[in-house]
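Read from first to last, the chains carry the letters A, B and C; within each, the first residue is number 1.
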Amino acid sequence: MAELNTDSNSPKSPGELKRVLEAVLLAAQQPLSLSDLRKVFADEMGSDVLRVLLDELRLEWAERSLELAQLASGWRFRTRAEFLPYLERLNPEKPPKYSRAVLETLAIVAYRQPVTRGDIEDIRGVTVATQIIRVLEERGWIDVVGHRDTPGRPALLATTKKFLDDLGLRSVTELPPLEIMNQTLDLANAQENP
Amino acid sequence: MNETATSEHVAEPWTEGVEPLARIYGEPMVQLPLDLYIPPDAMAVMLDAFEGPLDLLLYLIRKANVNVLDIPMAPLTVQYLSYVEAMRSHNLELAADYLVMAAMLIEIKSRMLLPKARVLDGQDVDDPRAELVRRLIEYEQMKLAAHRLDEMPQAERDFDWVEVWVEKSMLQRLPEVCAEDLKNAWSGLLRQAKLHTHHLIAREELSVREHMGLILRQLRDNGGFVEFVAMFDLALGAPVLVVHFLAMLELAREQLLEITQTEAFAPIYVRLADGRVEH
Amino acid sequence: MAELNTDSNSPKSPGELKRVLEAVLLAAQQPLSLSDLRKVFADEMGSDVLRVLLDELRLEWAERSLELAQLASGWRFRTRAEFLPYLERLNPEKPPKYSRAVLETLAIVAYRQPVTRGDIEDIRGVTVATQIIRVLEERGWIDVVGHRDTPGRPALLATTKKFLDDLGLRSVTELPPLEIMNQTLDLANAQENP
């Protein structure tokens, strides 16, 4: 752990370094990347040492009320799901549930990105209301990443890092794999439907 | 729920002479599914639940429990059109998408009636349903994917981010100063007080001045009274020792310290002129 | 601790209750009053029990990166002051600046040390407020190294080792030399006063 002592002004034990990491991660307003965290230590700590400390910190919190999640844009503390009922008693207003139209649009952007609005309409077989795109953009889950070089130069939509962060994913490859569709659709599925 | 599949079982001992509406995998279908009748009030709710023509088609195909790769176009089209008709009769604003799909279904159905070109292995070469099937499968995939996404833990819905309060005022922010700032401050003073002719600061003078401070501090920290030789750290080298000595003489000249020796060859002592020890 | 068992559906140990309190307090966006916290437990816990648990929680965090602060409007976790400099590195703000009076005084002490307050006043042409000297003394940049043996025995001020450290200098001789600049100044003055 040679790197820990390069800062001659304040050499710190791994325990002290973990307290610093913990303080910074608990107070952060967004996930912190390894490069953010290196900045915290004035770039005097190697990424490998940081990773070890982060893993240790995650283990320290394993039995507690928060979990240190590794997300697309970095590390961040979040409350464990089992504590949500208590949190909800303080803030009874639940976030709105997304409509099927919004969810299907999101799925298409996530699995087929980058896509144009036209692509989404082709797959869903219906016109996509501007409102639906706007809901996802305002949540910061999708954004325009370019334009397709076809007439009208339609905007290409893709999912953002925030989308991955908010779903606890590190990358799009961690999305649930797409179903290989059964040729015969079974009744069990049918019963879930209207 | 009354499934098409069940209706077929009910209709199993079907009687000769009744013309089936359609055949599904060779099985005759003698009546439209019972649940095609929907109470008018429920209609609006029900159609609202469909995300478009593909969704409605998937629903009908599932109800019939048929192979999506071998869709019986005739009954499917009939059912689809009756839904569309129901929408129309309830004055629901019928999205153009539903009508486009209706036209497509009818077109596929009519193409199915044409003699099929067959190759040796017996497979349809150009099945008019192919594009519809591709779209149904892709939509079905995305529909399930949407469902899966919704089941994943989501920020703000299933967990909260932690953002502990930071009381910024607890952090004492000290101004930063660099050597250049001091030079600028000094030159400002010179310009202002026109002291430039009297205060030429050379490195040598500055170094003597620094050592004047060091000596005073050394004396202060040692009770204001130190043996002369103890004031010099030989390890610092001749140039520093000379500057240190000059500084001591300068201090004596300014009567800030006294250098005393009681007799020749006796130890020389350096003492703060004010005789006091600062803490 | 009779109250803890009034919720027959989920009797909880004090340890579990503290984990709930911790989760709720860490995720809260504002201080939580005792009545807020009672709400978290569906009003099934007495304020006295809550207070005991909060005190225990505060002790658990005593050696860690956050402190559980009891404020006028309730309880809240906050980052300990000693960790704020690390947070600062992530979002550096512009540091405050010293006034011209402070900078000039510092310059005089640095270039003319050791000097008395009278010397500084002579050079600056104005009275030097005690506050200015105190700012520099509290910063640890100047201190009294002796007294001039003149009436009133005025204190002699000099710069400290900390001053050199903080400015990244090894010695006062590394301060920018002024002699060349004086010629420029002469020129400038000559032009100003033809």
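Criterion: a contact is a pair of C-beta atoms (placed from the backbone, for glycine too) under 8 Å apart; a residue touches a chain by one contact, two chains touch by 3 or more.
Since the model is a prediction, treat every value here as computed from it, not as a measurement.
S.K.: Mean of the CA atoms for each chain, then the mean for all of them together: which chain is nearest?
M.R.: Central by C-alpha mean position: chain B.
S.K.: Taking each chain's centre as the mean of its C-alpha atoms, which one ends up farthest from the centre of subunit A?
M.R.: C
S.K.: Measuring from the mean C-alpha position of subunit B to the mean C-alpha position of subunit C, what distance in angstrom results?
M.R.: 32
S.K.: How many angstrom between the C-alpha centroids of subunit C and subunit A?
M.R.: 36
S.K.: I'd like the Å distance between the centres of subunit A and subunit B, where a centre is the mean of that chain's Cα atoms.
M.R.: Spacing between the chain centres: roughly 6 Å.
S.K.: Check each residue of subunit A and list the ones that touch at least two other chains.
M.R.: In subunit A, 26-28, 66, 77, 79-80, 87 touch at least two other chains.
S.K.: Indicate the residues of subunit B shared as contacts by at least two other chains.
M.R.: In subunit B, 160-166 touch at least two other chains.
S.K.: Going by the contact rule set out above, which residues of subunit C touch subunit A in the complex?
M.R.: Where subunit C meets subunit A, its residues are 19-20, 22-24, 26-28, 32, 36, 39-42, 64-66, 77, 79-80, 83, 86-87, 89-90.
S.K.: Considering the complex alone, what residue numbers of subunit B touch subunit C?
M.R.: So the residues of subunit B in touch with subunit C come to 160-168, 170-171, 173-196, 199-203, 206-207, 209-210, 212-213, 216-217, 219-220, 254-257, 272-274, 276, 278.
S.K.: Quick check on the complex: what are the subunit C residues that touch subunit B?
M.R.: The touching residues are 26-27, 29, 66, 76-79, 81, 84-85, 87-88, 93, 95-98, 100, 103-104, 106-108, 110-114, 123-125, 139, 143-149, 153, 155-156, 158-159, 166-169, 171-179, 181-182, 185-186, 188-189.
S.K.: Please give the residue numbers of subunit B that touch subunit A in the complex, ascending.
M.R.: Within the complex, subunit B touches subunit A at residues 1, 3, 5, 46, 49-55, 58-59, 61-63, 65-69, 95-97, 101, 135, 137-150, 152-166.
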